[in-house]
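Take a look at the structures listed below.
Below, subunit A partners subunit B and then partners subunit C, in two separate complexes.
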Partner chain A sequence: METLEATELEKMPVSPVTMSHAKGDSAVILDADGGLGSWSPSIGYLKIADLDSGGTDLSVNPSGTVAAVAGSDGFVLYDLVNEELITEHRGQWSSSVAWNKDGSIVAVAFGKKVKLYTIDGTCIRTAGDFASTVMDLSWLPDQENIAVASFGGVSIMSTVNDVEPMQKEFVGSLLCLAVSPAADWIVSGNQDCSLQVFKIKDSTRLEMQGFPRKVTDAQFDSSGLWLANNGADEVTVWDFKGKGPKGRAPRILPKHVYGGTALAWHPTKAGVIATGDGAGLVRIWDVAKGVPEKPMPPMKRIKSYSSSEVRFILWDSTGNNLVVCHADGVIYQESIV
Partner chain B sequence: MEQEEKVLGPIPVTVITGFLGSGKTTLLNRILTENHGMRIAVIENEFGEVGIDDALVLSSEEEIFEMNNGCICCTVRGDLIRILGNLIKRRDKFDRIVIETTGMADPAPVAQTFFVDDELRAACKLDAIITVVDAKHALQHLLEVKEEGVENESVEQIAFADRIVLNKTDIATPQEQADVIKAIKSLNAGATIYPAVNANVDLKELLDIGAFDLQRIMDTDPAFLTDTEHMHDQSVTSVGIEVEGALDIEKLNGWLGMLLGEKGTDIYRSKGILSIADSDERYVFHAVHMLFNGEFTTKWEDAPRVNRMIFIGKNLDRKELTDSFMACMATENSKKKSKVKV
Partner chain C sequence: MIAVNLLTKNPVLTLNGINVFRDQFCAVKNVNLDFEAGELVALSGRNGAGKSSLLLAIAGLTNFTGTLKFKESECHHGHHQPGIGYVPQRANLRWDLPMRAIDVVLTGTAGDHHLAGYKNKSKRVKLAWEALELVEGSHLGDRLLSTLSGGQAQRILIARSLVSKPEVLLLDEPLSGLDAPSSQRILDLLKQRANEGTLIIAAMHELDIVQGHFSRAVLLSGEVIADGAPTQVIPTLYVNPTLSEVTV
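Our next item is the complex of A and B:
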């Protein structure tokens, strides 16, 4: 396969916000103005549509045919095959969109509510009002419940009935969520520079405080044994084996200038993570080889073509290539093999 | 292809407050339509009716968050954190942000948001809080007696202001104007008042003020220490202290820490330019409630080393503040030599 050389790299005209896998080796990218584009290693960036709303989040269904796009003025479902709008709902801030595993339902944060849509744009459920604008959504592995982040904690709402959501209370403003693959833990990153860890089956709550910055990204790896989060010049990785991280010191991935701005676990290899920082550096780490509390060296450094903040990192399905997306619009793919 | 990267500094943010019907939207429209060449992003409350094609307008529903320690200083505007965070990603699209609050909005969480959120602190600089006041009808709001524990928002909006646009002077009698000016000055002696019709104030007086910029505080407060008569039925007032001499930095830190810690709930804003013993540089600080920011700035050189401070808030005891400030002077000698003006 031919790929673009670094000298041929063109910047996206508008700063990207996020990207998601699409069909084959291509990805879909959302920019800060709500522009939707495609990117592939052979063609580069192509604008698909202007959705006319500050872009906040993007999720493409598993078959790569429909993009759910969240923005500052609502959300849209967009048909990527026919390049046409399926449905749009304006007038409320939308921070998060998430397809379920089989792509039959997309959950949408819409102001203080959560709405569920089928792929043809039919709304099948509305839940809320939550205590604030919903900041993040994450499907639980059972595909019947959704974790909702808002002020005051995590709500676990059912997709199928109107029972009161299960509450995981925390007095603070939640920014991001991660659900472990075995559905035993929910973790939130928070405005008050803390990480809150909730056990789903009981009232256990663990708190990791003292990050110098707010925690805006937290992710479990595919095995569920490791959780990585930003919030400092180090990316912190917690050991969730067995009874969880209580009493265990974390692994430290050091030297992220202006913080870890992008985190991406390898799709299949447990404990392997790519991280990007505010100075445009991307490194790959094997956290299992680290020692608790001691900064560890990276397994590999990726050649960077931009010194601007790494906005997003995406592994391809094989786990052999990384797509790196910078805040200045530079995008490229690097082989990891 | 080589592209020249434009270095973009922190985004200046102007906050417009004012009671319902005072003319906030009129002022906002003036800011947006004046021929100043700036590209402005506007965050307006959900009831706003601004329709300006050239401006990026985002609507906001006030979401006030208390952080988990329950401290008043950790009460922030979650909606602003979210919206400004999104705007930062479009930094190259505009030169300035204007936030228009609702008439009932408390300005403290707006200002505190810029102190508390690290991302916003780095990317934005709060330029000034401008309060629009209706010259004819403001007094009745200011004198309104609220129930115990309920704040009078119009008083708070004036207490927090760096600039006050005294609007609708065309429909207010000279006596009404004089009365409202007197009331404003009793609440906030440091804010400059601009009489206006249809909010027609020269924008140079309202934008790029640097009211929260430590380097510019001393350039921008001509009325820093204007002393005024007090309204007897108001608990909100301002206290200015001006005294020559040098301060003991340890005593000062101890006093300010204790003062803002114990009484920060009542002290809305405070700022000062201070002379510190054994330092050639001015020490400048400002605080919103208990959130404090201070640093050494320019050299005194031949200028008289005069300490100037102002406190704006509720239940301020002028004598106690002045006495405790005087206790921070570096030596007994310098205390005796000092002349106090309050």
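Our next item is the complex of A and C:
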């Protein structure tokens, strides 16, 4: 195990909420006040705009030019190149935003509905009247369907046809969603401290009840063979090879103080994941080297520059660098080569 | 069964050999539990474990066998026991009815024959507004149900159960679907009632909240599998995690 040196250290004035890739090696960061900032290794942190929307979620289009921002006071599209507002829709809670793969449409959770906007801010479709506020949404790989999480389960709604959404029922409040890259599984983390795993093609549902905390983050790696989730003092990684994870003991990534607060799979290396915890520790793991049920050691440990909760971890596109963002606003990049 | 240092001296509620039935199906069997005034008790366990069924039995709303006593009075299915309040799952109710919040709270007086009749109407209304005050919901009284947020609706349901000044308050998943501030408000309210001597029993999925706020946890899985301090009982659920198939 080796310890790495940080190459950049910066502190944001306001606590970050989430972070997304932008153009080149830069990242866009949304703060708790709805402020939008950029960060790059060469320049550091720069405030771009004060959107005053109470930030809840951020998604930047694939070309890195337009940020979609969700907030407690609505939804904003912002041009990152010209630094100007494209459109804003205020007055309703918006919890989640997601661009499709080609960046032509952004899906926005608006209260109990989902709205689709083009890149110029035109609303082209409003769909759904879900049982509760939509908590998360995610495009399926086919780019025609969206998985929507709300109380009572996951709905898979078409963005092109007026057909009834496919329902994956679960009586409870869903907090996060993950769709496998091959679109064969949908996973939800839930307020009842459970993980629910739905097979898309049939009615199979798997569950793990009894996590000590709410499951607020669940993510598939790029291969779709591994799923990681928080909810305990260890991060749990499930093996989705072959027929799926039913009955298989998971890999255990131990010793996350106050739980795994940030998870980020490597963009290209299957089974390699960076995790952060509530005490500011960041570690990198190669889960394929672990043994089911046995707590495994990390592959690398990142030198920590803050003892506050790790809020977000972002790999760059090469997978050679990690940007780490803490709840107290400390942000830095690590080389992982 | 795991039992951790529980010595109940003056039970306000006693369950002896309780089997609870939903239709012909035995949802939970052989429950033997004592509860004291002022306890804040969580019933936990996966969906179908029997949490809601046990609450319904205590409330007299479903069939059961065995002996269930509220203080010295024996409780029976189909007979409302004054002194026991019940708050159903919010999601199971119709929130689009053209009723005001205060109208819902008023229905909480329906089971009390002391408050029956036209001449007691003003007394009933006064009690309903007082109950709304207890949940900091006076400003919501004239609002239509359909305009309430999840947290506000939950407070209205709790106010409805408080009208009759219950010594035992049963709640079925009171935090389900609520955001963090709303949940905290409900928790503060329940803790306040418990501190004032009300026995609170709530079906709870949120295990982190149970560990942080409740004085006792009872784990169910068709029967009682553990009973004790939440910090000792809840971690027993997270052993050898596996994903198992759910049969609907």
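Quick note on the criterion: the second predicted complex is superposed on the first by the 327 of 337 C-alpha atoms of A that agree within 3 Å, B and C clash if a C-alpha of one lies under 4 Å from a C-alpha of the other, contacts with A are read in each partner's own complex, and residues count from 1 in each chain.
In this section, a contact is a pair of C-beta atoms (placed from the backbone, for glycine too) under 8 Å apart; a residue touches a chain by one contact, two chains touch by 3 or more.
Since this is a predicted model, take the numbers as computed values, not measurements.
> Assess the superposed three-chain arrangement around subunit A: do subunit B and subunit C clash, or do they fit?
With subunit A aligned, subunit B runs into subunit C, so clash.
> Contacts for A:223 in the overlay, against subunit B (first) and subunit C (second): which applies, first, second, both or neither?
Neither partner.
> Contact-wise, after the overlay, does A:191 reach subunit B, subunit C, both or neither (first, second, both, neither)?
So A:191 meets both subunit B and subunit C here.
> Counting only touches as set out at the top, which of subunit B and subunit C does A:172 meet: first, second, both, neither?
Both partners, subunit B and subunit C.
> Touching A:246, do we find subunit B (first), subunit C (second), both, or neither?
second
> Counting only touches as set out at the top, which of subunit B and subunit C does A:214 meet: first, second, both, neither?
The answer is both, since A:214 touches subunit B and subunit C.
> Touching A:158, do we find subunit B (first), subunit C (second), both, or neither?
After superposition on chain A, A:158 lies in contact with neither partner.
> Figure out whether A:132 sits in contact with subunit B (first) or subunit C (second), or with both, or with neither.
both
> Of all the subunit A residues, which ones make contact with subunit B and with subunit C?
132, 151, 171-173, 191-192, 212-214
> Residues of subunit C touching subunit A in their complex?
Residue positions touching the partner: 46-47, 91, 150, 175-177, 205-208, 211, 234-235, 237-238, 240-246, 248.
> Quick check: in the complex, which residue numbers of subunit A touch subunit B?
Result: residues 10-11, 14-15, 17, 32-33, 54, 56, 72-73, 93, 95, 111, 132-133, 135, 151, 170-173, 191-192, 212-214, 327-328 of subunit A touch subunit B.
> Where on subunit A is subunit C touching in the complex?
131-132, 151-152, 169, 171-173, 191-195, 197, 203-214, 232, 236, 238, 245-250, 293
> Could you please specify the touching residues of subunit B with respect to subunit A in the complex?
Interface residues on subunit B, with respect to subunit A: 1, 3, 5, 58, 61, 63, 65-68, 70, 74, 76, 78-79, 81-83, 86-87, 89-93, 117-119.
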